[in-house]
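Presented below are the structures under discussion, each in the form of structure tokens.
Same chain, two partners: chain A is paired with chain B first, then with chain C.
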Partner chain A sequence: MINIQDIRDTARDMLAKGEVRAVIGYRHGTRGMLAEPAFITNPEQAGELVWDPTCFHNLSLYLVEDRKFLAHLNKTSAAPIAIMAKGCDARSIVVLLQEHYFKREDVYIIGVSCEGSGVVDERKLASHLNGFQALNAVFDGDDFVFTTAQGEKRLPAREVMADRCLECRNPFPKENNVVFGEDKTGRELAVPFAALARFEAQGTGERWDFWSHHFDRCIRCFACRSVCPMCYCDECVVDSITFPVTPATTAEEKANRIRWIERSATRSENITYLMTRAMHLAGRCTDCGECERACPVNVPIRLLNNKMEREAREKFGFEPGASIGGPSLVASFLDSDPGDFIR
Partner chain B sequence: MSEPQADFEPKIVAFLCKWCSSAGSDLAGVSRIQYPANATPITIPCTGAVSPMYILSAFNKGADGVLVSGCHIGDCHYIEGNFLARRKMHLTVELLKFIGLEPDRFRMSWVSAAEGAKFAQVVTEFVDDVKKLGPQDKLKKVVSP
Partner chain C sequence: MEKILDKKQIDGWIAALADWEVLGPVLEDGIWTYQPVSGAVRLDHPNTKQSPKGLAFPQREIFFSFEQIKGEAPRLTQVLPKEQRHAVFGVRPCDGRGVPRMDKVFTDHVEDPYYNARRKNIAYVGLACNKPPSPNCFCLSVGGSPVSTDGLDVQMTDLGDRYLVKAVTETGKALMAAGGKLFAEPSAADQKQLKKTHADAVAYPQRAIRDPDGAPAKLKASFNSPLWEEMARACIGCGICTFLCPTCHCFDINDEVQNKAPLMGQRVRTWDNCQFPDFTMHSSGHNPRENTAARLRQRVNHKFQYFHENFGMHQCTGCGRCVSECPVGIDIVTVVNKVTEHAG
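Let's turn to the complex of A and B:
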């Protein structure tokens, strides 16, 4: 059981001593029970930090934003940034470090273990509260306790937990500077890749019916890209609007740029976008599930990423975010890689 | 999926590595081996240079099948390019199958510069398989009139 006061004290101390220039964490938001990302630079604000089942955001995104911001100002990092990281978030940070996106000393990881539970899935919770909005949520052992206008509602965590948390194998942030909570690695709440296995058991036709339906619905708002800490490219290959245009860019240059896909949200273009994204995240996605949560039309993006994750794990023995010094998935190979699909 | 048509001639995009399969296709040509003319060859420096985007883009632009062919394992001009390609293409083909594209729409082969006959055979078999599937309209861009 994590005592939030310990995290607040740590944050306050570090900010007061000037060891870090900011603490990225969670605070109580303005919409019901939900936590929101907090960027704390003043030691007095450290008391705002919270840790509850609604802390689902992957905050490593803001490390990426900070680095981009500093690069834009042509500055280097004066002091590290401290960040609250769950198991999946810590793995995201490891992948970013593996790709040399920033240096290890630029980040101070305040690990928070998800212990026996994980974060809540709002959609699952909605069916349990008789239409009332939850105003507060707290961890309590293997349960979540929600406060609504009707009073307290205690629910077993696994009934309302996000799927990714049920399937999570590493709820403990292995890479950390300081860690709160117990290491409950190896807890088995659900079989990993259960949804994927169910989906794959279907035939080609059914799979296509399922995906064509979802590819039709995608509106290409790029929320999945915006929320993903791994989608840090300044120029996105599948979005021509991100190609840089300076006063020196000639009309000819603009006209001759390769536009792999159109920007219209049609099925074929959506397929290419989502598949390219899945490929670019292969071996990098740490299954924080933020893309699927951010999706306004509920496209099951996690399935695609899970598929890549499982292929990497089963065929290449590759675990994303396992170690900072390790090779990346598509820039390494083994003699034993499967080649039976090649004639 | 469309019904197979008797007179359907599939469009195949063939990404051929410069050092082996391109030379292999050349050998098939100079040896006057007869094989279907459906494959449009695109020479690439190495199979390791094939981005999954090339394949997705080919399907997007209306290819009925995509062939990627390069040097045998261990023969890569760049030492390890085809090892990298093997891993990348495995992921790509699994993803394509996952969303429900017929597995026979994509093919990868190792064809050396001395294997003109094998190149002809690979293309012949691939064209036959794609013919059975009919036109590819799942990933194809629909151009509005």
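Let's turn to the complex of A and C:
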């Protein structure tokens, strides 16, 4: 079991010694039971840090934001930032390092192992609570215990844990500077890609109906893109401005820009958006599942990313975020590749 | 007009509304949404994921279609919403209060024909909140109430095995008249229970914005506060807060070309979102709201300062959706409290 006090002490110590600029972690939010991202710069605030089953967020997103902010200030380096990272989050950081988004010495990874647990899926919880909301969540080793306005509710962890956690292949943050919690790799709560396998067991017609239904429901709030540490492009194909505009950009260039996707949240546009995003995440998505969690209307986005991940695994034995020095999926090839197009 | 409706009779009432398309809260894909219901409606929902604002202000509205044959003048054809009456059941008081706020925007200074064409055909049948349906409810802080009838045509109150149904407007009276003998006269005991239910509802503890009256002036004074940057630190710039909001109404207008030759397409209005970076992007590349701090401030100030200056009321109705649904915990109650307290 992780003793949060150890993490707080580590954070306080590093901040006091000036070894890191900030510690990005979790603290209790002001709304109900949920943790929220915390940006600690003062050693005295280190006591705010928490670790519980609502620490959903893949905080590596904020390492990306920080790099963008430094670039905005025309700075290329600064003291490192420490960050709390679960297994999936640490793999995201590895992908960002593979892509040279920042350097290894720019980040101090405080690994937190999920051990035998994972994070709560708010949707599953909602179905158990008939739409009412929980005020508090505790993992007592076997069960999650929730407090609601209607009383206490004890639920087996498996029933309310996020699919991403049930299917997690590596809940231990292998890449770390310091790590808390036991390595319980290979715990196998569910078969990897189980949700995808269930989906693909259906016929083509059913699968099309399923996706048509969900593509129609997307409201294009872009929470999936915004919450994703891999969606860091300055220009996104779906935005109304799809290229950087400078004072030197001519009116003609602006007028002739290609509009790939209309703003209307209609099926055709939503398909283009969500499929484009899935393709761009192939070999990069570490299945942190944040896109699916953030989606306010419960589009099962994770299935799309899982599909790409499984393809890469089966065809190339590729695992996203496995090691910093390892190859990336779409930027490496073998001389022995039988395809002519690659040479 | 106040009547009693046995819960077993509600399906009969809905069946009697033959001239109306009836919408009610439906739980599907794990979320509550308003959907057409025929015969049966369940009113045991907390609140819907999205407010009912999309009925009068849909996410996509076609203004007109256009076509042009080369060498000829372009032809424009206005596309007005089709005449269809909608009665939406189960509207919570906060969403009811969203309606007059949307009306202010789309009917006060300008008459928006698209909004009006839809709005005049919608009846809002409200359901009082005996208890706050969400831990993030704060309607009492913004001039509302769990038993408010503002914006509603009918107010229903759950009294256990029956509803007390009250007509608020003439439209509401007509809806109830359609139910005819399904309704009974309330007894003195019913009236007593209603009074107690409403009193309990108002007394139920909610989250609180501590100085809502002082907020407009204090937010104005805090425009350059460093707090905005601190509070927006976690903001990821998605559009959940505004798309789910019962009163956010910003939009974009685009021409969607379906065919190049001959030229055919539609001019459409779609929801837009002040939290998106490109919302304020100028064609020069300059962005006056260049970071999440400026964009969070815009949304909060619009709700609690600018709208108040323009219309004398807070735009926020305290439904708590933006609080509950923010993926990173940004909480408008905390934000307003922090800024107003900092302003002294």
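In the analysis below, the second predicted complex is superposed on the first by the 315 of 343 C-alpha atoms of A that agree within 3 Å, B and C clash if a C-alpha of one lies under 4 Å from a C-alpha of the other, contacts with A are read in each partner's own complex, and residues count from 1 in each chain.
Here is the rule we go by: a residue touches a chain if its C-beta (ideal position, glycine included) is under 8 Å from a C-beta of that chain, and two chains touch if they have at least 3 such contacts.
As the structure is a computational prediction, the values presented were derived from the model and not from experiment.
By the touch criterion stated above, A:I342 is placed in contact with chain B alone, chain C being left untouched.
Residue contacts after overlaying the shared chain place A:A331 against chain B, while chain C stays out of touching range. In the superposition on chain A, A:E311 makes contact with chain B only, while chain C stays out of contact range. Once chain A of one complex is fitted onto chain A of the other, the partner contacts of A:P247 are limited to chain C, with no touch recorded for chain B.
In the superposition on chain A, A:T266 makes contact with both chain B and chain C. Contacts of A:W211 after superposition: chain B is touched, whereas chain C is not reached. By the touch criterion defined above, A:Y232 lies against neither chain B nor chain C after alignment on the C-alpha atoms of chain A.
Under the contact criterion defined above, the residues of chain A that touch both chain B in one complex and chain C in the other are 262, 266.
Looking at the complex, you find that chain A touches chain B at residues 200, 204-212, 237, 260-262, 266-269, 271-272, 275-276, 278-279, 282, 304, 307-308, 311-312, 315-316, 329-333, 335, 337-339, 341-343. Those residues of chain B lying in contact with chain A across their complex are 52-53, 56-57, 60, 73, 80, 83-84, 86-102, 107-110, 122, 125, 138-142. Remark: chain A residues 29-32, 34-37, 39, 57, 61-62, 123, 126-127, 130-133, 135, 149, 214, 217, 219-223, 225-227, 239-241, 244-247, 249, 254, 262-266, 290, 293-294, 296-298 touch chain C in the complex.
Considering their complex, residues 27, 29-32, 44-46, 49-50, 59-60, 131, 133-136, 233-234, 236-240, 243-244, 252, 254, 256, 268, 270, 272-273, 276, 278, 281, 283-285, 323-325, 327-329, 331, 333-334 of chain C touch chain A.
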